[in-house]
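Alright, structures below, take your time with them.
Next come two complexes built around chain A: one with chain B, the other with chain C.
What follows is the complex of A and B.
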């Protein structure tokens, strides 16, 4: 009975956009960056907020069309260090680089908290796991800007998040500056740009087109 | 003699404008316009409506049709030719060049005209005038050099003296406590609580000044510190939030609280140390934010009783007859010297402190949201809120989650508790001092919070302390929960009479209890105990407790009545053994036959003994012997 009542409210949800800047820093210099971020960000007086997430990416190929390249990716994330926290399923849209004047990468972003059996559900629906990894690092926030400094670990045996099963990728940390906000707030990009300027000699935060990396 | 005609060719650039350069260096060009596109583009530049309004005057449908035709014809009219202006300019340029060419030819041939250089006389120079001018400019130079030298000397002197009061050292100290930034040549500091989570609109920017600079400009002299701060005018002075709980008759003049500044809180002297100045300004800003927040809430909150905001005062009802007034006192030192008679400043420091705490808590919550787990979860949600989706919380749950109590509501609840606690304390103390007979002892718990406190009251009689009536009063926000001896609880409202009546009733019960325990000691038999008896006259409040006792031999009956209003009564009846023969078979023992009958009242005041229990003890001992 709830169905028809919920439908109009779903339409009112403003589409969320993720504004993203990325960069990387060598492991040796991470401390300097953390120190700087601690001074710049809001939760300065408390100790570092760590996270340890396992992310599995599920893919659904569109079998009805002849084009095999059409597919949908769903990212399911789960906090390993906080078992009470709900799983998160995330859909990321096509990244828009925009022209030179646009300071950040913008992409559609749908983020939904869900129960822990979402993996089985997706598999039942026909999704299959594309790849998975563990992201371990530290989280900062300033206003609504979120700064993540983390390292990506490859799973030697897929699916098992045991400490022995992890293998670190590369010798640098990934730095991400992101804001999830409703559509059409261009001011955020400028704020992020100025924040990124403050980290300049340590890490260069830029917009990367992931399609070109492949 | 004109120059040969020149052909000027006008054509579009061969290169097309670049639209975009890709990362691999490939350029994307704008495709050139075709002839027809070009034509329509040019046609767009012509203002057809202008002609229409001038020539035809009325834009009828016929006229419109005509303009449609004109649109096609227009580009061919010479006056509207788009390159017309260019052509005109080129034409005039050509004419000028031709003239120049002719003149040069004439000069060159030297047949008709010869050009000679013209010698110009040097202007006459006046020596004294020059002297004055030079003198003047030298003087200016001299001044500039002197000023520079002075400044250098001052800087040298400052650098030389490594005393702790030099400017840079103080600036370092300032930097340790406050946020500073440099804008052009000035150093600006930040007083606002924004970095601590405040969302107040008013900023607080102060400027750091060097006293030696000021001294050079002749503004201020003999300062102790070499650093000074200039605080924005709206943050000058001293401010504090005055919280007062008062009874209603005081409230009649609403404007009374506009300025009640205690003598100790005067204005800051202008040559105070910068740290003190900044701290006071910081406090002013905080008080302003606190008051603004409270005033906003007072207007928004739809309580059972409306809150009033009058000027710098917020009035709200705590209990009937008791009002809470929160006043923002801001004393800038510029006000007229109003008669500052501090008549009765019952300023509540505890509540003021609570208010400060509450706002700081709001600030803290603004800043420290629970961290998202996993890291890509939404920022700024509480942990419970995150779980709302997966755990399928109902609308009701969500609404409850969204409800947050405003500062005003919280302070109101704290005030209610404070008032109620004071009232209860007052009632208990009053009873304890006015009543001599049972001793009332109150132990206030030192472990309490701002919304709940407890007190243990024990009622005893002097010399008979073994018999004690304990009570625990748990004072809440607007009710008092009482736990009596058997673990029974009852809830009293905030009215102080209720507590007084209840305590008096407990005193009666204590008496009845004491008499009962005396009976046990003397070997008397308790015939009946009624805690709340319905007998007798109706009392204004409370109920009578009665105890009936029989002496060990059963021939003397004592009846004790204790009522909170009419006091205690003691009656005695002696049974003649002669009457015994008349008893009905339903009566199993002789003592039951004597429940009714002629009782004689004992005058308790005339009895010997220190208190009621002592008197009854005495009487019982005597009667035991007599029987």
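What follows is the complex of A and C.
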């Protein structure tokens, strides 16, 4: 990524919100969920669309303020199964629960494709890698809704995404239903809720309060 | 007319009136339903359809119940006998049938007053009964038990979910279906991707030097609460961040901001 090009291009991007519902499914029941999703989503006739991504999360602490808790996280992804694909950098804001009437989590979201030297670039800027993982799974889409069913792998030794170096986290697949849309589109939340209802009781997609993770 | 006869006739009149009333009600709901299907099919919703079906089935049931009551005389014992057929238009009949039957002619009477199936149908029924009677009794018995068994199984399968429907929704979900998701795993996975729980390197300043610490991390991995890990990286990662969700705010607080 070219440094000077970043700032003006950011200004041109309309503020996008990610509407998000999360849940998980035990590995043993994943097939049932995949079949159901295949029936519910678009492109039912084609085979599953898989992905295998390595994500590294870079953190920059704000040294100019006294508050040490201030930091910025940038998530850099690249596809392990498609080495020629550009890297992808993503900023995610704090997820907002909102009140009861709001059906999904909402968080600010910025996606930019970038070249593969983004890691060095971030490091030069003072970012440090906070953590990394490999996400491997299947994605579906229905209209503008995106459904991800994937497994998270921890890297046993840093730096290598070799299959032998991966250790699966938990015995479940993570399930995420998300839509990235401009601010103020509340209807999409309702659509997502309806869709999530159809996956019950296999998987309970809910707005997961990230503050519970503290 | 003699007294007992009038009593019987009165009874018949009353029950027939009742029956006609019920049938007319049923007819009206069917007509309403058909009208809705033909004209408002774009707006009709599934619950609405089910409502209509519910009404129809309850009306059919009440007609059936009415026919079974002891007050209802045995209609089978009454014979309707066409005295005169005429090809001329009968205004009275037309009014009674709401324009469906124009004349009491030889064309329509066999259809309306038929009490036996058509000859071809009768022939086929005859064939079936001959075939049935020609079968060996023990084969019949065997097939009968088989059918009964299948039916009983089917009934069981059907009645299990409907029984659990009556129970509370949540408890039925738990009883009828195996657990397919685990809240604990949800917490673990979401914690990992949003906060980096369990993924944090012990030394975030130098992520490449991890070798010796890995051994310490492994036992902690077994813990239920990954956030209890006392690591320098973790303490940053799980602060209730005061960070703004606005990208601009993040950019301005950026020490390496470009002009």
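Assume the second predicted complex is superposed on the first by the 201 of 214 C-alpha atoms of A that agree within 3 Å, B and C clash if a C-alpha of one lies under 4 Å from a C-alpha of the other, contacts with A are read in each partner's own complex, and residues count from 1 in each chain.
In this text, a contact is a pair of C-beta atoms (placed from the backbone, for glycine too) under 8 Å apart; a residue touches a chain by one contact, two chains touch by 3 or more.
Remember, it's a predicted structure, so these values are computed and weren't measured experimentally.
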| item | value |
| --- | --- |
| Three-chain arrangement built on chain A, chain B and chain C clash or fit | clash |
| Contacts of A:154 with chain B and chain C, given as first, second, both or neither | second |
| Contacts of A:212 with chain B and chain C, given as first, second, both or neither | both |
| Touched partner set for A:108, first chain B, second chain C, both or neither | second |
| Touching partner for A:180 - first (chain B), second (chain C), both, neither | first |
| Partner chain(s) touched by A:42 [first = chain B, second = chain C, both, neither] | first |
| Partner chain(s) touched by A:57 [first = chain B, second = chain C, both, neither] | second |
| Chain B versus chain C as contact partner of A:85, first or second or both or neither | first |
| Greater chain A contact set [chain C / chain B] | C |
| Contacts of A:139 with chain B and chain C, given as first, second, both or neither | first |
| Residues on chain A lying within both footprints (that of chain B and that of chain C) | 135, 212 |
| Chain A to chain C touching residues, read off their complex | 3-4, 6-7, 10, 15, 22-26, 29, 32-33, 57, 59-65, 67-72, 91, 93-96, 107-108, 110, 125-126, 128-133, 135, 152, 154, 156-159, 169-172, 174, 200-204, 208, 210-214 |
| Interface residues, chain B side, partner chain A - complex | 23, 197, 367-369, 371-380, 383, 386-387, 389-391 |
| Chain B-touching residues of chain A, taken from the complex the two chains share | 42-43, 46, 49, 51, 53, 55, 77-79, 81-82, 84-88, 90, 111-116, 135, 137, 139, 141, 144, 146, 148, 150, 180, 212 |
| Chain C residues touching chain A - in the complex, by the definition given at the top | 173, 177-182, 184-201, 204-205, 207-208, 210, 214, 227, 233, 236-247, 250-251, 253-256, 258 |
